[in-house]
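Consider the two complexes below, in which chain A is the common component and chain B and chain C are the respective partners.
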Partner chain A sequence: MADHSYDFHFVNEVVLPGDIVAEKVKTKQIVVKKIKLKLGPGLRMDKDNIIAYKCGVLREKDSTMFWIDNDQKRYIPVKNDKVVGIVTNRGGESYQVDIGSSMASALPFLAFEGATKKNKPQLKIGDLVYGRLSVANKDMEAELVCTDTNGKANGMGPLKDGFLFTHSLGLTRKLLNPDGAVLKVLGKVFSFESTVGLNGRTWVNSNSSDHTILIVNAIEQSEYMTLSQIKQNVHRLAEGMRE
Partner chain B sequence: MAAASSQNSVNLRSLSCELGLLNKTDGSALFSHGNTSMMVGVYGPAEVRLNKEIVDKATVEVVFRPKTGIPGCAEKAMERLIRNTCDSTILTTMHPRSAMTIVLQEVCNDGSLVSCCINGACMAMLNAGFPMKYLVAAITAAILSDGTICTDPTAKQEEEATAILTFSFESVNKEVVLSSSKGMFTVEQYETCLLVSCDCAQKIFNFYKTSITRVLSKDVKFMDLNIAKKSKEVE
Partner chain C sequence: MKNSKVVISSCEKDFILSCVRSGKRMDRRHTYDYRKLQISFGVDRGHCEVQLGKTRVLAQVSSEVVCPPPNRPSEGQLFFNLELSPMASPAYETGRLSEHTVELNRLLERVYKQSQCIDVESLCIVTGEKVWSIRVDVTVLDDGGNIIDCASIATITALSHFRRPDVSVSGEDVTIYSIEERDPVPLSVHHIPIYVTFAFYDNGALLLVDPTDREESVMDGQMMIAMNVDREICAVQMNGGLSLEADQVLRCSQISAVKVADITELIHKALRVDAEARWEHEIKTYCGG
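And then the complex of A and B:
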């Protein structure tokens, strides 16, 4: 994005819209190593400055990637995000799927692994699908596919049975974080399936509805808990179940 | 400036703000100036009605709901003021063909209602993560019959006042975003009001910062991937 060096302030601090997060460093020395700067959500370039346009916590990775972490509820489609959608309508060539953003997205009938004109999955209105956004930009309707770039399903497709619940986008990122603890701790106690969509929707399925409800509660409560608190909470819930 | 402050009362009533009280909205705030308080809920970027769709930017809608009865002409005029202020702060081009809706519910009116609405809307928009150019803060100033200026007036002071002026400022260059007035006043009085209000706006911006920082302190602690890794390394 930029070949100049920037001086960032406020890393890991709260920033508000309009705050100047970084200025271009004016040096006469030749920059030996050019770094490609990547700006994530919440930051924009304005002349020589990088300005925040959302409130949240400024984060960085390897001094090249910068973004603002915030806990909003509304999902904004991004290409290649994996999301959980609800089928709302059936058209001539595609399903209309609600993914929680400002516009419904289209899921073509043939966008499943091994789908042909004669043999394709039949979805009903209200069914859940887990898919990848193949087209997502602000000016066009988003498009959903249930295959990866090699044409394989790779876990994507219709979701049968189970329970869907919505939560903030911050919790989604915590669940998908490789260091995230809730799902691992829960997995040691119960057997269940879960699908976390980046749009703040999580689908959970287990052997009985009692277990499903318990798992959903444990996930919802874990948002602001530390690892030891999560473990304690899961064991407390599990014990209550046995009694 | 100091002289103007000493003879006029430039005090703000106590401010309070609670964020995210409503769970069905994308963002919400309960904002109070003393006894005046507003409940604000915002939705967006959401689906827009076809007749209100704008091709290259988002449509900003403001709905004001009075405590009792149905909204009339005065309320519609107020909606307009608030809409124009909010429209200028939101980066509407980032979400074309979508709606940003702000719903304002009056909880208690004890003067300075418009400024309370704008300040509440600003906090609710922050809570929802709307893309914004800057923050806005609005101040109402009343010129009393003896010529003194009173900022953030109560309903009683507003009744006695000869003129009521409302200003709103943006947080980056402290420029005026909104100026609305009612009643008779001189040019000098207008200028003094403007200066005094700008002073008060700074107090409101500081208040925004502290309340947002308090709300996000949980996220600072729990959402950082780097910190999580660092603590692991230490272990």
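And then the complex of A and C:
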């Protein structure tokens, strides 16, 4: 192993909570202090060791970034995540939005592009919004905004019609992966809009409810499929619909 | 009905309702279709796991000898305990007995105690002193809708699969034999009642058999009919305060008769396959040892 990298055990293998993934990191850091180590979800420093606190597959990038790919269903808010929420209540200055985490989050009335006191989007209870988490701290109510850091909407805002479905966070990552296959394959066969929230919620809209049902099924089934299987499955579903 | 913490958006509601109205279902089933049912057994007797679509329920039967209450000195006891684990859905919490849990427990208790499908008198060892107490623990592992059907199938299959230790009485002495000494004996199951659930929409105008969790979340009301293979109705429950036409109810009972016949056959088949596997295993160990 090159001297400027960290040596972790179990890379690309399954780890369980409590597994020591790397030892005596701090002492080694003195030697390789040029490169900053980055720990992603599921890993934490415990004295000099790095231990796993989730189960899943340990992944790495450039030998400096490490994280655990795990497939849970419950979402934990992280700052700057883009999520799909459901409006559950309306307060004096903000909407209360359910994002599937343990606590609801707040969406201020003015957190939309170009919103003013007089001119702001009106949302009803049960409406969907696609937004970005601007505040996500432990033990605090998360805050949602529908603008990017420059104040532009950038695709965020209320979602109309269509259908929303929930799935595991692992599938979310697969859908958002630039190499993710299922949305591309589906896009060649059908015309539809979709929004994937990092909180395990995906919204789909198409011309007809038949298409929407089919797209939702294809996405749900794709979770444990290979590329060729996905292609086959989409074509099978599309054939079935034409008959 | 499920008193859910999980919020549902209006677009989901509208979409599912429009699908129901046009006779389409998300999983491409027809209105009267049941989902795929899988029954599997554990190593122990009386351990049964049933999967109905995405819904998964585990039932475990156990037995112990207890002193009967004075008003029923010669009857064995039956206990049912259903738990909704938080693993099944974020709507469920541990330690809190929700209305939904109580309802499901009552439904199970009502059909399996009051329809007398288990012969409780055969569970008596010494009148007024010792009887068998049979306990069924039902755990919902995943909620994909229609828990009660799945739980009832798991419960009755586990009861049919269970074997209690053999006992003998001579004078005052009661001997309980271990599995090695004497083959354990099955409970006497007279008949197999199973719940079939119907979900209603548009004030009872539309109905669906075996609703999924999504379909349950937008329904107006539901009806569960427990029936056995001889078309005897063992329990009926209606939720949601709907008023249905008489022939609608009759139609439901006819549908449930067909479904119950199919499911009972599946249960018998699963039990037979398991019995054969055990028999083969036994022969192997006997010949090998």
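The criterion applied here is as follows: the second predicted complex is superposed on the first by the 229 of 243 C-alpha atoms of A that agree within 3 Å, B and C clash if a C-alpha of one lies under 4 Å from a C-alpha of the other, contacts with A are read in each partner's own complex, and residues count from 1 in each chain.
Throughout what follows, a contact is a pair of C-beta atoms (placed from the backbone, for glycine too) under 8 Å apart; a residue touches a chain by one contact, two chains touch by 3 or more.
Being a predicted model, the structure only gives us computed values, none of them experimental.
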Fit-or-clash call for chain B and chain C when the two complexes are aligned on chain A: clash
Touched partner set for A:K124, first chain B, second chain C, both or neither: second
First, second, both or neither for A:I213, with chain B first and chain C second: second
Touched partner set for A:G170, first chain B, second chain C, both or neither: first
Of chain B and chain C, the chain that contacts the larger number of chain A residues: B
Chain B versus chain C as contact partner of A:E113, first or second or both or neither: neither
Which superposed partner A:C55 touches (first chain B, second chain C, both, neither): first
Which superposed partner A:N70 touches (first chain B, second chain C, both, neither): first
Superposition clash, chain B against chain C - the stretch among 44-52, 62-70, 80-88 or 152-160 that is involved: 62-70
Those residues of chain A which chain B touches in one complex and chain C touches in the other: 73-74
Chain A-facing residues of chain B, complex: 26-27, 43-48, 89, 91, 94-99, 126, 128-135, 170-172, 208-209, 212-213, 216, 218-220, 222-229, 232
Residue ranges of chain A in contact with chain B within the complex: 12-14, 16-18, 53-57, 59-61, 69-74, 76, 101-103, 138-139, 170, 173-174, 177, 179, 223-224, 226
Parts of chain A lying in touch with chain C, wherever the complex brings them together: 73-74, 86, 88, 98, 100, 124-128, 159-165, 203, 209-210, 212-213, 216-217
For the chain C and chain A complex, residues of the former touching the latter: 7-15, 18-19, 22, 24, 26-28, 90
